[in-house]
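Heads up, there are several structures right after this.
Two complexes come next, and they have one chain in common, chain A, joined by chain B in the first and chain C in the second.
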Partner chain A sequence: MSEKQMLYQKRLERYITAMDCGKPDMVPVAFGVGEWIAKYTGTTLQEIYYDLDKSNSIVSEMLPGLDFDIFKGGPSLWWPPMFDAMGSKLYKFPGIGVEENSTFQFNEQEYMKPEDYDEFIASPTEWLVNHYLPNISTELENPGSYRSTVALIKGAAAFAMQGGIMAQAYGKWTMDHGIVGQGTGFTKAPFDTLGDALRGMKGVLLDLRRRPEKVLAACEAITPHNVNCGLAGAGADTRFPCFAPLHRGAYPFLNPNQWNNFYWPSLKATIEGLWARGKRMLFYAEGDWTPYLDKIAELPDKSIIFQIDTTDAKKAKEILGGRFCLQGGVPTTLLTYGTPAKIKEHIKRTIDELACDGGFILDAGGVVMGDAKQENVIAMIEAAREYGVY
Partner chain B sequence: MADKEKLLNPDPGVCVPWEVKLEEIGEFPGNEAIVKKEWEKLDDFAYNFIWFWAQR
Partner chain C sequence: MLTDALSIAIADLEEEQVAGMVKERLASGVAPLEIVNSLQMGMAEAGNRFETGEYFLGELIMCGEIMQDSMIVLEPLLIGSNAEYKGNIVIGTVKGDIHDLGKNIVVMLLKGSGYNVIDLGVDVSKEKFIEAIKEYNAPLVGMSVLLTGCQESMKETIDAIRAAGLDTKVLIGGNYIDDLVKAHVGADYSAQAATDGVKIADEIFSA
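Showing the complex of A and B:
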């Protein structure tokens, strides 16, 4: 076994031990290269988003010398050429729709209309193909046309190409640097699937008043698909969690009654469905979830990794600690507005409070913004190693 | 045109169930399992592509 393979095994063991609420040799550290890297490399965000080779080479140049365990990914969340091929209306990307150094923007619309609920509920996958894809894609406006058929061919080809390129890149980073990927599979809360891309925020909030039974039926119809989505990718490797960015469940988007009745039941069913098949969820609780910690504690032990963004960390530790691995602890605002000295001080305190008996992964609380400072991000990793030895 | 087709209501991970395709093929002189396995792999890929757009 090579030195890097041994390093990989050591980091993997550290990660798995923490996920199982145990105490490894040291606190595992998660790290991702965010959009903030652009200003340090002389490249535009447009280049980083569009050119996967360039984006991956920036990651390859950064990895040597950084001692962390779990890799969360490169600087771009999406590969715009695939969206361009479909004429996607969903996003505006750097250089096309927004300025070349602006981050992407989600173009929220009611891509699904209130009158579409019944057909969607009857057969979600077919409704997505027959109605949703044409609704979100200018190239698919005339299904069956030359432009539409070509766009589908290009879109699917791009999906496969991106998957292949990224799999190759992760393989290389693992071999060359011994890093462990955070997870496999991507899913969401069913209410978010409905409320983000299909009905939009305004649409789904109106639906809670005007057609609540349709919202519940749609969430129920989405749930088995979201279980399946969480299992997809990299051979459904159940050693690693699936990633689930959670949106409308953050306090106070919904009132407690709405959260209990509309958001939580189908998310809980999704998590339980995944866990029944051995798959854990990285419960990426963006924003504040403090009021819901008691409900989250009803989940099967170890079935999630709870991401602490602006949730009260001490309460999360008190209510979820010991039964669920916690991840996070470093506010993203601190990485932008703090200094290396303040970061170190914060990390020492975080490790003392949250990591003392294991079951903790140190990480930025949420997605690290483009205005974060590189010296702060590096200080986070260094401080984690300095204070994180058990 | 698509609206007039009978709904398949495919399961998660499926776009066109193998059983539907098999019925259309009819007589099967070769090894069905080989064809089915590859059909389902590509079907799963298509399913993930479709749901990718809804999980944004």
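Showing the complex of A and C:
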């Protein structure tokens, strides 16, 4: 076994032990190269988004000097050419819709109307193909037309190209630097599928009062698709969790009654459906989830990794600790406005409070964006190694 | 305690009742401005309920929706009546960010409390902020930002406002806003909850 392979094995074991709530040799550290890298490399965000080779080579240059375990990916979350091929209205990308150094933005609209519920519930994927795709893409406005068919082929080809390029890059990073990827597969809470992508925040919140039974039926109809999505996208891999960015369940969007009756049952069913097939979820709880920790604790042991963003970390440890792995501990604003000294001090305290008996992965709380300072991000990794030995 | 049935109906989010009552009152000759006042009192109560933890954002958005639907009927009838505002407030989501959910809730609560709110929308340049502050001589400007990556444009906007010699108070709000961000961008106030905006405005405008 080569040195790098041994390193990979060691890090993999560290990650898996923590996921299973155990105590590895040291606290595993998760790290991603965020949009902040652009300002240190003389490239625009637009170049980083559009040119995957460039973006990946920046990552390749950065990795050798860094000692962390779990890799969360490179600076661009999306590859815009796929969206461009379909004339997508969903996003504004750097250089197209926003300035070349501005981050991407999701253009939230009521792409599904209240009167669409029944058809959607009867067959979600059929409705998506016949109505959603035409609603969100200028090139797909007339399904079956020459223009639409060509755009669909181009979009699908771009999706496959991106997958191929990224798989190759991950393979190389694993071999060359012994890093472990954080997850495989992607899914969402059914209520978020409805509330983010289809009805929009305002639409779904009004639906909860005007047509609650439709919301429930739609979430139920989405659930099996979201279970499948988490597994199928991962090629049925079950060693690593699927990523699930969670949105509308954050406090204080929904009242407790709405959360209990509309947000939680279908998310719980999705997690249980995945776990029954051995697949864990990275429960990426963006924002504050403190009031719901007791409900989350109802999940099967170890079925999620709970991401702490602005949730009360001590309460999360108290209520979920021991039964679920926790990930986070470094506020994203600290990576922007803090100093390396402050970050070291914070990490020492965080490890004392949260990592003590294992089941903990050190990570930035939320998505680290273009505003973070490189010296702070690096101080985070270094401090984690300094204080993270069990 | 609310005594006006219309105020109670909007505070309780009774959409159909509110629509019916607005029509009835107009038909019976009640002044449109008086009806707006009743609605505003109910909205202020919804804000109070948010503060005590009884209401969540979903309820505030519903309340705003009912108000908006009522204003579609009432606004054309208000022309010529002398609405008295507590003062002018300029508000917008800063350059680079297009999120407006939080901003819209704050706008609705400020309007409900009797302020004249000049809403500049999303992705607002510093030039637009300055122009509006000057035009309306606004003692308070509110800036909203969700993404941490766009906080820097908040700082640039505030710097530009100061460089233009304007001493308008700056209030910032958004999910990742805290004292650290407030100090960095040079704002006067930061808001964590939807109803903080009204409290801070009341403090400034009553001084």
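Keep in mind that, in the parts below, the second predicted complex is superposed on the first by the 389 of 390 C-alpha atoms of A that agree within 3 Å, B and C clash if a C-alpha of one lies under 4 Å from a C-alpha of the other, contacts with A are read in each partner's own complex, and residues count from 1 in each chain.
We take it that contacts are C-beta pairs under 8 Å (C-beta built on N, C-alpha and C of every residue); 3 or more make two chains touch, one makes a residue touch a chain.
Computed from a prediction, not measured in an experiment: that's the story for all the values here.
With chain A as the common reference for superposition, the partners chain B and chain C occupy compatible, non-clashing space. Using the contact criterion defined above for the overlaid structures, shared-chain residue A:E318 touches neither chain B nor chain C, since it reaches no partner.
Rounded to the nearest 10, the angle at the Cα centre of chain A between chain B and chain C in the chain-A superposition is 110°.
When the two complexes are overlaid on their common chain A, residue A:I136 makes contact with chain B while staying clear of chain C. Of the two partner chains placed by the overlay, neither chain B nor chain C lies in contact with A:D301.
Of the two partner chains placed by superposition, only chain B is touched by A:F186; chain C is not. Contacts of A:D118 after superposition on the shared chain: neither chain B nor chain C is touched.
Legend: residue contacts after superposition of the two complexes on their common chain; A:K202 is shown touching chain C, with no touch to chain B. Taking all C-alpha atoms of chain B against all those of chain C in the superposed arrangement, the shortest distance found is 16 Å.
When the two complexes are laid over each other on chain A, chain A has no residue in contact with both chain B and chain C. Listed in rising order, the residues of chain A touching chain B in the complex are 88, 90-91, 106, 122-123, 125-126, 128-130, 132-133, 136, 143-144, 155-156, 159-160, 186-188, 193, 196-198, 224-229, 232-233. Across the interface of their complex, chain A is touched by residues 1-3, 7-15, 44-56 of chain B. The residues of chain A lying in touch with chain C in their complex are 35, 92, 98-99, 102-103, 105, 107, 201-202, 205-206, 208-210, 252-255, 258, 287, 310, 332-334, 336-338, 366, 369-371. For chain C in complex with chain A, the residues that touch the partner chain are 13, 15, 55-59, 61-62, 65, 96-99, 101, 123, 147-152, 175-176, 178, 180-181, 184.
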